[in-house]
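Each remark here refers to the structure printed beneath this line.
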Amino acid sequence: MTSSISEQLQNLGISKHRPSGRENDQMREVKITRNFTMHAEGSVLVEFGNTKVLCTATVERGVPRFLRGSGQGWVTAEYGMLPRATTSRTGREAARGKQSGRTVEIQRLIGRSLRAALNLKKMGENTITIDCDVLQADGGTRTASITGAFVALQDAINVLKKDKHGAMKGDPVVQAIAAVSVGIYDGEAVLDLDYAEDSKAETDMNVVMTSKGGFIEVQGTAEGAPYSQEELNAMLDLARKGISELVEAQKIALAE
Amino acid sequence: MTSSISEQLQNLGISKHRPSGRENDQMREVKITRNFTMHAEGSVLVEFGNTKVLCTATVERGVPRFLRGSGQGWVTAEYGMLPRATTSRTGREAARGKQSGRTVEIQRLIGRSLRAALNLKKMGENTITIDCDVLQADGGTRTASITGAFVALQDAINVLKKDKHGAMKGDPVVQAIAAVSVGIYDGEAVLDLDYAEDSKAETDMNVVMTSKGGFIEVQGTAEGAPYSQEELNAMLDLARKGISELVEAQKIALAE
Amino acid sequence: MTSSISEQLQNLGISKHRPSGRENDQMREVKITRNFTMHAEGSVLVEFGNTKVLCTATVERGVPRFLRGSGQGWVTAEYGMLPRATTSRTGREAARGKQSGRTVEIQRLIGRSLRAALNLKKMGENTITIDCDVLQADGGTRTASITGAFVALQDAINVLKKDKHGAMKGDPVVQAIAAVSVGIYDGEAVLDLDYAEDSKAETDMNVVMTSKGGFIEVQGTAEGAPYSQEELNAMLDLARKGISELVEAQKIALAE
Amino acid sequence: MTSSISEQLQNLGISKHRPSGRENDQMREVKITRNFTMHAEGSVLVEFGNTKVLCTATVERGVPRFLRGSGQGWVTAEYGMLPRATTSRTGREAARGKQSGRTVEIQRLIGRSLRAALNLKKMGENTITIDCDVLQADGGTRTASITGAFVALQDAINVLKKDKHGAMKGDPVVQAIAAVSVGIYDGEAVLDLDYAEDSKAETDMNVVMTSKGGFIEVQGTAEGAPYSQEELNAMLDLARKGISELVEAQKIALAE
Amino acid sequence: MTSSISEQLQNLGISKHRPSGRENDQMREVKITRNFTMHAEGSVLVEFGNTKVLCTATVERGVPRFLRGSGQGWVTAEYGMLPRATTSRTGREAARGKQSGRTVEIQRLIGRSLRAALNLKKMGENTITIDCDVLQADGGTRTASITGAFVALQDAINVLKKDKHGAMKGDPVVQAIAAVSVGIYDGEAVLDLDYAEDSKAETDMNVVMTSKGGFIEVQGTAEGAPYSQEELNAMLDLARKGISELVEAQKIALAE
Amino acid sequence: MTSSISEQLQNLGISKHRPSGRENDQMREVKITRNFTMHAEGSVLVEFGNTKVLCTATVERGVPRFLRGSGQGWVTAEYGMLPRATTSRTGREAARGKQSGRTVEIQRLIGRSLRAALNLKKMGENTITIDCDVLQADGGTRTASITGAFVALQDAINVLKKDKHGAMKGDPVVQAIAAVSVGIYDGEAVLDLDYAEDSKAETDMNVVMTSKGGFIEVQGTAEGAPYSQEELNAMLDLARKGISELVEAQKIALAE
């Protein structure tokens, strides 16, 4: 008796369910390339499949006004997409004279997440600015950004540690952080959605976690029907799996 | 044998734990006043304790360009705070020529949440604009805004229904929605944080739910330490309780 | 012999002349509610009939650059309208990134008028910022703003007087000020125009006066035909009457 | 017996009272030069003493959206100052990306005043844009602007009249208008204040009138003490005298 | 035997080749009027035929941040066109809230060119701001601006030299500079293009030179076909001739 | 007898003259990588040594308003630098809400140059937008941009040619163009300056040429002393050599 096409595909390890053909709990291939450009204190190209983001970390003396004299450091982030990172051209924000609401939302998330990785009090009055610029987009740019930015941040912290005038008070890195998207696609929880999946998902959730499994940020939005507690839990389970793989990839990259 | 002050307070029904003296699962007093101003199709003053937000709903013919000819409607939201809604004056965004990142984030959340309450295909090519303007702020302005805005939206939908030229195709309201904040304060999950609690909470989470208990949006941010799955669940349980009270308050207001 | 409807109306004290049915020299009902919101040093809801404006006064240490070191204080004003204060929705200025010419004109008038109430040299190097935000508009928002703002200003001055570090040099309030609109409607001078009257008036004049009857500002614009010296005088007579009633209402409110 | 210096000055026709040495009711020398530049339909250099303003009128087909299809025309105005028209350099508004409140106020006044000179219904669907650019400032730039702009407007109307496609319905010019400043200086009413007088005047009033003596706009501001009805009347009397001289100068210029 | 019209025109000294009737190497009439307005330290009206630009130079104490403490001065330039300097009205940049790319390009060129005329180290920590405002445009506004601005700059330097507090260290003027446009029109190199010529030229080149014949800036753009080295040289030869005439005109103006 | 270090270096083919150790007429290594990103119709990474620019070409139907109905196409360009493309971080233009003067100047140059490569009349009413985003900067970003952009443009034209609805009328590419910088460094003409050379050069010149040796654009600026005709010619000779190498590299890349 012959098996169905979907059974055959499944035997071949190809999911019939996701457009990408991945298993529900399967990440895209992740690559983390350090020192991608030459000038920044940290410069990381992070790739989640076809999504490619250049994350740079810049160290500057001094802190924003509200922290002056506190002895404490600061981390902030900016996010951008090259106009043709996307399938159709997105107008350049510098030309329009305004960052979009989406950009603002994402860069606030990145900055908040990275600050959670550090004990800012140990940083001295230094500011690290993270720039995440999307060279090519295929879903998950904000989670790739956070994951890559942590590596760039670690490199920048290392530069600062070696700097006599850095005024660091011990190692400010408390924990690694990474981020991944999960969602409900066609009724099932799936991990690390690409653009084709994301644009049709019923629920889209971004999860930022520490290497120890604590939540830094959970943002889940029902695009279609509301989601249940069970679905939420299923998504968070997938996120946990993805994060542990990402943290591993970060470690390997930092060890090179 | 004399009881401790905290026991005495607890006997009096006053929690020692929260600055507000409320029980962990206790909402602030909620008031919903319809027809607060005279011109808008829906005009609601919503109060969560000292937080007071004026939510108006405006019906206009036509839809944004990307929906023209689709027969479908649209709901969008804008959010603002009067400069002296806050303890110290916040610069007027109109004068600065720019909405802050926080404002942009909040108004995107409000719009997205309200669209989840409706079947936009039944709305005809009409746009409803929700304006949430904070007259007085004491924490939870975005969750109060969503809760009040749903009532204003319902009033505006009712106006549209009676309009011969409204081109409605049945009742577009699929479900009531409401929103509440929860958090981890001093190690315990608490419901509906006021400003004093919010500014010291370890975790701050905003939850938008339907009247039937489905999640529309969950946004939880660790401000200090990461939070665990158990803490997340404890917060969501409180949110469920709060939402059911808010949905009840909406019903009563709409029945008046 | 039966009297005409207009005679009957006049017998009943209802003018046939004005859309509002008021006598030519009759103000709308004026209400001044202090402490309308909780955070500001002065917070006044002023109502001229259906026109409702929230006026807050904020005290801050320091003065603009051009006054630093002068020992003198400063008063400035900002004005805004909630988008749905008006019969059809007015685009939010913060979203458009620009205050309209009308807004700029009005807030300059409010600031200038309030500074005329004070001896700034007695204020110490403090700045009081007046925010006038229109919750509901029905004509005369700028005159209501000035009238309510004076009460909020007085409350803020009282806060400053009690402040040990306020550096006040005696009472800076020289005189109460109030403002009212007058106009030529259908050939006759009328007092305190509402929107229906204002939009059809041939001449529209805003008058700011002191409690002692001196002019602070007279701004009269012919919308249709030019106006004569006689008409100007008739309007100023009405303004004088209105101002004296408003100053009385301010006194009563401040005495509460 | 010797006379005092002030008596001698008065005998010589030089007022001791005004910094300019002019009599209280004496205008500065007024010059109106038509066709000052070559491209505009109307181009007038107007001089009130050292105040020099270039007023151009541009005719364009079409009207703003709110008038389309009405058959009616429109007149609008813009105002600017060259950066070094003033004693110290004023930052260029184009570089700052924003027109100042003062600029906005003035250009609204100019536009409103000129529209009062016309019956817009006779203009056809044409727009005339008046640009008033101050080349050199010495007080009274807005009144000089209005006075010169009327001449440029008349020239532009004449161009339009000769245009077969202009769609004019008879002569839209109803009446000439002109503007002059008056004030209370050192306790006395004075006409056409220059900068030295204006910056020390107790009251500053701008008056726009028709050639027949009707008021178009009266804007009087107490800079120091409030002003009385008597002072107001004294200022308006001076304004009437000034306006009649300006209307005469306009007639002579237009007759050349 | 009769000569052709073009021969007759040429006998009369009228070129058949250029729309302006000028010889290929003939400048328009150049006028330089100093002290055109009264407030600026240098104020020059420069005319190249119908192109008329008002160049003012403003002296201010202090330098931009990057030069503070260097003992060195700075020169910067801003450029603008009155809306109706052109044949059809150009929108006011202050109203649009943005300088055009063309404006930015031109003012950078003017500033750079003038700085090349000076030894900034001898200027003391003073800033001279050059404003070039085009009253009437007929081609060559940027080259007229540079030529006139040098004269205004020289006047401002002279003011600074006489100022005890000017902190000048000798004469900072190293060399006179002037600018002229050249181009390829209908296959031939021509000098000082007016608008009719410029708009149809195949190549348009702006040349800034010193009085001694050195190049400060060469900017040549092929509008149609590329240009050859021979054409480049022919244009530069014309530029040299024009510049020497302009430098002479500057000298005469400064000697008055 | 021992030779000096500089003689030894010269024997080794290492110039003592340039910081880069290159011969005066030696380009940096040039790499042109097509299809660098996946979405754009043309996507080219161009490298001039350490200067790396991503050039994408986007094809869109339709043309700007001034060309509608003309049957003609349009090419426009935008330029940006990632914040950390430079040795110290450059503020993000999208965040500042404004493109710098330098950016505006460069993108106008790129667009103008590329339009010179095409016969726009053959393009149909299509617009190609070139985005040049600098990933890493080391001098010569604008010349690398133009050189890479031509390749991306050619790829986009090829896409358009294959498009049935492209409405092309034959091949619009008239000639290849490329750009290179030249300058006077330490008294000698040098080719293709890197940042270290550029920042100390006495003269900096950007040259855009066609594959046939015609000039499209010459922009030469004296940063220190003026330059002579001989120096200009020496620079143009070097530019010619560089351009021929670049055109060759373009050909090889396009042949792959």
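Should a chain be cited, it is by its letter among A, B, C, D, E and F, assigned in written order, with residues numbered from 1 in that chain.
Here is the rule we go by: contacts are C-beta pairs under 8 Å (C-beta built on N, C-alpha and C of every residue); 3 or more make two chains touch, one makes a residue touch a chain.
No experiment lies behind these values; they were computed from the predicted model shown.
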item: Intersection of contact partners for subunit B and subunit D; value: C
item: Chain hops separating subunit E from subunit A, counting only touching neighbours; value: 2
item: Farthest chain (mean CA position) relative to subunit F; value: C
item: Distance from the mean Cα position of subunit F to that of subunit D, given in whole angstrom; value: 53
item: Centre-of-Cα separation between subunit E and subunit D, whole angstrom; value: 34
item: Geometric centre distance via CA averages, subunit D-subunit A, whole Å; value: 61
item: Subunit C: positions in contact with at least two other chains; value: 97-98
item: Chains listed in ring sequence, where subunit D comes first and subunit E follows it; value: D, E, F, A, B, C
item: Subunit D-facing residues of subunit E, complex; value: 37-40, 43, 50, 52, 54, 56, 58, 60, 78, 80, 82-89, 92-95, 97-99, 103, 129, 131, 133, 135-137
item: Complex contacts: residues of subunit A adjacent to subunit B; value: 101, 104-105, 107-108, 112, 116, 175, 205, 209-210, 212-222, 225-229, 232, 236
